[in-house]
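Sharing a structure below in structure tokens format, with a few things to ask.
Going by the order they are written in, the chains are A, B and C; count residues from 1 in each one.
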Amino acid sequence: MNRNTACPHIEPRGYKSGVKPVWCPGCGDFGVLGSITKALSGLQIRPESTAIISGIGCSSRMPTYLSTYGFHGVHGRALSLATGLKVARPDLTVIATGGDGDGFSIGGNHFLHTCRRNTNMTYIVLDNQVYGMTKGQASPTTEPNWEKGKLTPSGTGINPFQPLVVGLASGANFIARCSSSDSNGTARTIMEAIRHPGFSMVQVLSPCVTFRPEQREWKKLVQPAPVEATSDAAQAARRLLTDKGLFTGILFRGSRPPYQPELKSSIENIAELEEEFCL
Amino acid sequence: MSRQSLSIALTGSGGSGVMTMGNMLLEAVAKAGWYGIMTRSAGPQIRGGEAAALIRVSNMPIESHDDSFDLVLAIDPASMGRFVAEIPLRPDSFVISDPQGGRRSSSLPESPAKVIDLPMKELAKSVKGGRPNMIALGAIASVIGLSETSIFAILKTMLESKGADALGASRTCVQAGFAAGADLLEFNTPQMQQDTDTQRWGITGNEAAGLGAVRGGVRFVAAYPITPATEVLEWMAGVLPSVGGVLVQAEDELASINQIIGASFGGLPSLTATSGPGLALMTESIGLAVCSEVPVVVLDVMRCGPSTGIATKTEQSDLNIALNGLHGDAPHLVLAPSSITDCVFTTQWAVHLAESLQAPAIVLSDQSLGQTRAIMNRPADITFMARRSVPAQSAGYVEENYTRYAIGDSGVSPMAIPGQPGGQYTADGLEHSQSGAPSSLPEDHLAQLDKRQHKISQFNYGEHWADIEGSGELAVISWGSTCGPIREALARMRDQGQEIRLIAIRLLAPERPSEMAAALVGVKRLLVVEQSHSRQFHRYLRAAYDLPDETRVLNRPGPLPFRPAEIMARLDDWGEGTGS
Amino acid sequence: MNDKPPGGKIDIRSSEELLAYALAMEIEAVDRFTDLADQMEIHNNQEVADLFRKLAEIEGKHVENVNQASQGKQLPTLLAWEFDWASGESPEGGSLEDAHYLMQPWHAIELAMQGERHAVAFFRHVADTSSDKPVVQMALELVAEEEEHVALLETWQQRFPRPDDGWDDDPDPPAIL
């Protein structure tokens, strides 16, 4: 990376907006916020050339806390906002952030099709397996026997969503898992995700200390994946289907070309379009 | 010059090619210097269903169908029953039908029209590769006085790609039909003035709306296919790349609306087109565009609702959702074109307003405008282009202390575009302070509600808010495609010496109380005309405006269009107390 | 917390490199205490917020000290993850997870002290493993400094009794936003 640009070097804190986060102290999202600033600093991307896009949820508050452009939209539609922005403005670095409910439940359809479309952007999912903002209901990634969700007091009894497996099957071009407790490692992975062409997804295990305090143990349970990232989707699928969701690192690097229509005018005057109507 | 016109319906089913034939006929009359419209009507089948091409040609521009049809050509008489309500006939109307073409509809014998046999299928059989619709085309051309050569010219341009054999077979069929039509019936085609001075266009309302959008500066479209809006998208998908734009086929309407909000946030004027079901899905995010103050245009080509309703047929029943479908207090723009020509202007204006006011604009077109092809005068060029207020910059930087949602006089605050250094802010659907930071303080909520309302209310919309035509104590008020038959009814009554005012509203939201009061000065009796079962437009008018004591309503649901004569009848009845 | 001792891998070969490590550690400490102060402020725990703010100020002075020591030297520029911290995180940079909105000064000081102890361990490890004499010398000086910080924090902590169990009880349920 170029560390000798004409613009002054931007430290990680230079990417913070100064708005104080409302997240619960102890929340994993603080670490991810730090990781994003470190990744952006690592790449020395100008804040004005970056847009952080989100939906609704605790982690979807992310844009407000960064000094980049941002959009905090409605629940579940971050990837659609981000797609429109990136297709319209390919010069920008576009990063979507959000939680497991926002991305895989209400926004599930957009997740599938954004993977398929493979627009050149990065999706950081802060996964805490719970709806924190609405007081701790089970989310798509919650384990079936978790009995503390008030809407599912006997557990959900249904299969948790496998974001990385589904992402791979749908065509995501870069797949990684991180832990918020590993702020520097997460930063590095996010930087790699931004650099990788096409749609990159990074699942960050980010504990909810209020509704899932047991997740504080994650930092002891996660471990770097014992193998290097593969570019073979079949191999990646086998690994993702058999790991217990606690291996971190870059798990898949694909090589599909990103979706990016060229926005280049080929006519002088809009009146030329009207010729087809002339009798 | 008085209006002269001729109405022809072509019906068929199961691959009989009535639409192709209708398009050729319209093309031929256009080449002959006439004006015209052609509306498609179809059953629910993707292929092989009943289809009708409803054509009206005239010596002057027309916006609606006539009271009845002069001529019906039923390639397949069994198909005609489906369209009995849509094709009113008179005793002096003619129905040309194929005696071997299947059983005549049971409704047909009730028709007062004269039925004339033309063995189209048999004639087509005598030509290798011949088709009955080409026999019919020749016969119709001959009956209404078009030249054989003019039809040949159309065949050449429209069928060339199908190869010499197909073209040859079609020519032979047209010739055979032309000969058969020569002495088929005695028909007085009105004298059509040839108008060659004015530049004329052949265009559908859907294409016209797309053109208005591109003229207005739209360069990004995301949309999901839906009847009857799809042709807007098909046309725009074709042209946007040439103007440096793009159309993205999205996975659903939720994605469509959010993609255009994202693109517009990035600085590109953006639009989506949909119909009622899609608009319903989009409403949450249209509210996001209101709150985050991102300009977008949502074109709703209305069809019969609720739910899937009748997807292929027209209705003016999305007025309520367009005006009131957003949750919270969410000021936005609602506009409606009142003719196919106006689809160009109103959509272009909607882009201009959305961009100027940083607000979503919903444009209500409908199936009858969108899927009708018109031969019309080229719409005038309009000068306004999309204009979005952006923050002042010095030396490439947005000036210090830039505040995205600053409260100012106009309510419109400059909108920084990503890429502009110093302009960084977070657009938010959460209520926010002037800086854009989320806020749950009552004073911030009130200030931003006021701001968003004020910018829409205080804007000078000029005279475009409505077309006020004519004068008099008796007035008709309407909107959208319904204005077509009303205009014709009023023109006929004017010819009879009766002066009646028309108020055709183009800007449905925000309300324009003082302009409306001025438009209604001197009006004692007001007839509200709308194509909605629950009188949505009348309820809206009552809520928003002071109406004359003597106000009556002529309403019905889609899909049947209003006919000029029934509007005239309702106005004539006024004094007799038979109105609603 | 960085539970693992800073062991093994680190092999610092120049005082510039060591200063780069020291600088990164202090900057991350400033950032962390600032973040924690902000968190406490937003959660209306002003007493602890003030304490974290003060700690951030002190760490800021440490940054100045390192900068002074670095004058005339060209420090290597490393990205956050290019530092060879044993646990992956800077000894004074992690442990945001240990914060709690009802935490008391005692906890805050405990949290800070753990960071300082990790720093002591880190520099001691450098002193033990480096073969470069000036590096060893500087590392020992830094050990002494960090030990002073620990001692200072210990005296601070004596002013606050260790909170009883149940200090984090909240009679109200979490809010729905």
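As a working rule, a contact is a pair of C-beta atoms (placed from the backbone, for glycine too) under 8 Å apart; a residue touches a chain by one contact, two chains touch by 3 or more.
On a predicted model such as this, the values are computed, not experimentally measured, just so you know.
Visitor: Higher C-beta contact count, A-B or A-C?
Guide: Result of the comparison of A-B and A-C: A-B.
Visitor: Per-chain Cα mean versus the mean over all protein Cα atoms: which chain has them closest together?
Guide: Nearest to the common C-alpha centre lies chain A.
Visitor: Nearest whole angstrom, what separates the Cα centre of chain B from the Cα centre of chain C?
Guide: Those two chain centres are 67 Å apart.
Visitor: Suppose each chain is reduced to the average of its Cα coordinates; what separation in Å results between chain A and chain B?
Guide: The mean C-alpha positions of chain A and chain B differ by 41 Å.
Visitor: Taking each chain's centre as its mean C-alpha position, how far apart are chain A and chain C in Å?
Guide: Going by mean C-alpha positions, chain A sits 29 Å from chain C.
Visitor: Return the residues of chain C touching two or more other chains; collapse runs of consecutive numbers into ranges.
Guide: Correct list: empty.
Visitor: So in the complex, the part of chain B that touches chain A is made up of which residues?
Guide: So the residues of chain B in touch with chain A come to 30-31, 199-203, 207, 211, 214-215, 219-220, 222, 239, 241-246, 248, 250-252, 254-268, 270, 284-285, 287-288, 292, 375, 378, 416, 418-430, 436-438.
Visitor: Report the residues of chain A in contact with chain C in the complex, numbered from low to high.
Guide: Residues 3, 11-13, 20-26, 28, 30-31, 34, 38, 41-42, 133-136, 180-185, 187-188, 207, 209-211, 216, 219.
Visitor: What residues of chain C sit close enough to touch chain A in their complex?
Guide: Within the complex, chain C touches chain A at residues 27, 31, 35-36, 38-43, 77, 79-81, 83, 85, 88-90, 93-94, 96-101, 103, 173-174, 176-177.
Visitor: Can you list the residues on chain A that touch chain B in the complex?
Guide: Going by the criterion above, the answer is residues 17, 19, 46-49, 51-53, 61, 63-64, 67-74, 76-77, 80-89, 91-92, 109-110, 112-113, 261-267, 270, 272-274, 277-279.
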